[in-house]
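Once you scroll down, you'll see the structures, which are given as structure tokens.
What follows is chain A paired twice: with chain B in the first complex and chain C in the second.
Presenting the complex of A and B:
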């Protein structure tokens, strides 16, 4: 095995995996949207996968590849079960907020208090318009259901 | 083993600077309720500086082409990962995460994991991420919610992540400094000849790749067939267990949905206030 050539590749790939893992850690610690927290957890799994494949390449062994396949399997199971719980939590509180469940916190942990946020100056969206032609369609009664921006 | 090995005096300050720049950049970029443009630009430029420092501490690969490809795909993966966790809108976070997955798949392809690169795209971007987007479409209120514009302890979280990254980078950089005692062991893939596996015996690509290969990758030949042989030979019980796990997760998800709906409906009919509902659920 040519370790002189593959050691820099191993180190660079491990660094990429470490960066992905750390960014996922920051995301899951600090974000409050439940969906974004799960995205961050998946990102940590991606970092682990990159590291495992890098070690597998370095040692010329199949173990890392096989382990990453099982990581994919467990991630799929985790996403299914977690999204069910997120939907249940949303149907109970109406929010995707982790702090909506802060009554589950420890007794000595302070309460999360939301302060008033400054309003965002949203620029109204400008869509291209066509020249009016034909009959004006009736007004859509589902108009308030359509969201203005994501 | 390598004479041009890790020099801690040269790359130590660079690494410390990269960690500090990462902390400041993440702290400025994470949602904090203020949303000023200067903070965003400053955070983005600090993040790029941290990335440049990490690239400078990285090792040079063999060829220029391989180096450029690895640099591009890993930059795509890392920058979109950072954009995922700092995006205010969760829909944009999911889209950035898809781009990050594409970068990760590219890194896996550079590392020679062809099957895993494609499987990452198919399973993650094709299935899991679409499921996330469905839930977002179901559950996201119109506009930007207040809990998407603030975050829990952004400075401490960024500090924790960057310190972890610094410690990991330090230990990764020391990999070359130690003796190569770990790598002298003959591993299974190199100890057994390639023709011992039945799939490699009738390989067509074997004579074409042999003379030009400079970096020996013992896993490259007949990759998917041999991975399947390993998976369904040595790890057959684990594959069965993974199948059982998938089935259990499926049944569990359906059970939680149906029983949760029933309990929610019963709770809504019996209780009037939210406090009474909570005690009824208990």
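Presenting the complex of A and C:
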């Protein structure tokens, strides 16, 4: 393999990886939406994966590729688990804001407030519903179509 | 017939109750109400074997030849099971120590050096003393076990009780069969543990738990004495075996009570060391046999189940001290001062316990003080150091085991019927509703009081004779007159040779106590005690069994059973004074049969053994009692008419006084109190022994414990808390960073990574 030819390729790929990683890092440090934070974390992971593939190709070694495939698999699993956590967190607080969990701080440490969150009651929550398939189930008057409060 | 050899049988005596105890523990819950079977079978089989051994030993001793004392060949058989511990050259005695006295300690010949090997063979011995003790232990144990089937019926701890009784019979058999001071010590502790567990059998009762603890702690004092005595014996004699052993190089190593040493006139240490050993053994015996000043535990031990009181705290375990001193007779014979102390302790205890017994209102406590008093009698007898004294003590031990077990079981029968009430002021006239118990109790009381044809009369007479012969030597034949001419203890082998005299300090001043005057005082004390014994015994009889019939609330007639553990049943259909003999309160057959069986020896055994002089002859073949010092004091067996008259007179006065005070009348306190005045308070408070011990020992120790507790709580805990405060203080600083904001945590993580990257880069450059 021609290393001279692949060196710029490596540099380009590493640049892309570094950009992805930095974007993810900035995202995770600045955003408070749990899903966005999670996506940012994934982005960091992909940035590293890109670097890994680039180095692997540069050295003509398949180990890096294999490792990336492995990382992707694990990341998929981790994504499933993480999204469950996010959903649970949301159903607890009704918010995706990470700051809503600052109540887990030490007992005698003051609350950090940048701006007051809107009260939940003022924003009625509406969840999208899927179009029912098959026979329409008989409507139950007692069952609310949507949850008042999650 | 190898399997029926005496040595095999000897092993079976302790083994069978042990197997019974283990089976009861394992199968107790499965068997339920039949849990007594394994234990009882084990004890019964052991009793049969023990009687067989007694017969075998008696055959070896041979028949008595008339009334004349003759030299008896020692009879002993040793059965070594295995070697428990063996250390070669365990000890090199320092030059000049008593252990270097060639006369006293065996030397490992050929080693070229004076070194001692230490070995503890698990050896059982069979000799007349052991055979007698084994028979008493297993037979009384069997009767008590049978009785307990009725008494402990429906108790939640039924299997536990029988396991403990069987365990006790095992330990006690091993104690009297062991042929080694260390083994004696081991089983000395084992019987103490069984006693502790049985006193505290109803451990949910605070008094029972406290009594058990008290018995255990007071016994520790005595056990401490035994431990020190064992150490001293090892230092002095270089062995702990009773019997002679043959070492690997074929040399006979004389045991402490072996026949080699017994034949040697100077084989036993006198002087300070010997006296110290004897006094420590006496301390041990005082603890176990509840003698002054360690007697305080026995009355409290009555909190245990009555059968256990009968077996352990009347018939067997408390006689361990008598056994120990009898076994160590040659050691004591070399120290006349210590022997005299034994008698002084015994006679004083007998008198004081009898005085306390006269004002007790709890039937079992009267019997407990009576036990202490009778044990004191035996000690007084042992202290004479004569063959008559030793055999009389064992004779009294035997008769006492019969009649005191009978009395205790009778008291238990009363308590059982009265729904757990044992205060004599709350019932009376029971002879009409409990005829069998009353009749057998009367036999036991007559035996205890020393009424003429009953067992106690003869054994007490022998003891008085032993004391009398020391107080008035000339009155007891030429033999003793000659001894008296040269000083009372001329016949006791105590000849300190020059080497020995340099090693030991001058004899303790105790030896000065051994004068006829002392013995005369002791004799009169014993005679007074005999009168007091008759008084309190018959006071108890009259209060319990005569007069108008009264039963306490909560008593249950018709042989029903209630809960005697908590001091009152609930199936109450009895009321005060309204029965008039129409209702039977008699105990079930399982309880009355042992009473009737025990009544027979209580009535007859004294006359049988006295008239034939069989026991004295039999016991005189015990190796310890064939020591020249003891055997030389043998006197012709005669019936001392004047002593018998004095003893009977004392008993008669006691009975008459008791009859005047209590027969047919319910008033107890006032007359006696008026008669005794302030003495009554002294007696009722048990001479303030408990209060004195509390003030002298318990309270200072509690103060010390309080100081230690405060030190622990404030100084030690304070230091620990101060050290624990350091991480808390540090944590309180760092804790502020725990804001609960994810972004801040992530930022700190990134900073950390950056710091590492910077550091690594720095290093890679540099």
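In this section, the second predicted complex is superposed on the first by the 107 of 150 C-alpha atoms of A that agree within 3 Å, B and C clash if a C-alpha of one lies under 4 Å from a C-alpha of the other, contacts with A are read in each partner's own complex, and residues count from 1 in each chain.
Everything below uses one rule, namely that contacts are C-beta pairs under 8 Å (C-beta built on N, C-alpha and C of every residue); 3 or more make two chains touch, one makes a residue touch a chain.
Worth saying up front: this structure is predicted, and the values here are computed from it rather than measured.
Measured by the number of chain A residues touched, the leading partner among chain B and chain C is B. Within the superposed three-chain model, A:53 lies in touch with chain B and out of touch with chain C [touch as defined at top]. By the touch criterion defined above, A:112 reaches both chain B and chain C. In the superposition on chain A, A:30 makes contact with both chain B and chain C. Of the two partner chains placed by the overlay, only chain B lies in contact with A:20; chain C stays clear of it.
In the superposition on chain A, A:102 makes contact with chain C only, not with chain B.
According to the touch criterion, the shared surface of chain A, contacted by chain B in one complex and chain C in the other, consists of residues 25, 29-30, 32, 98-99, 112. Those residues of chain A that touch chain B in the shared complex are 1-16, 18-27, 29-33, 35-36, 38-40, 42-43, 46, 49-50, 53-54, 56-62, 65-66, 68-70, 72-81, 83-88, 90-92, 94-99, 112, 114-115, 117-118, 120, 147-150. Within the complex formed with chain A, the chain B residues making contact are 1-2, 26, 30-31, 33-35, 54, 57-62, 70, 74, 77-78, 81-82, 84-85, 87, 89-94, 97, 100-101, 104, 107-108, 110-113, 115-116, 119-120, 123-124, 127-128, 131-132, 135-136, 138-154, 157-158, 160-162, 164-165, 168-169, 172-173, 175-176, 180, 183, 187-190, 214-219, 226-227, 230-231, 234-235, 238, 242, 245-246, 248-250, 252-253, 256-257, 260, 264.
Contact residues of chain C toward chain A in the complex are 735-736, 738-743, 746-747, 750. Contact residues on chain A toward chain C in their complex (touch as defined above): 25, 28-30, 32, 37, 98-99, 101-106, 108-109, 112.
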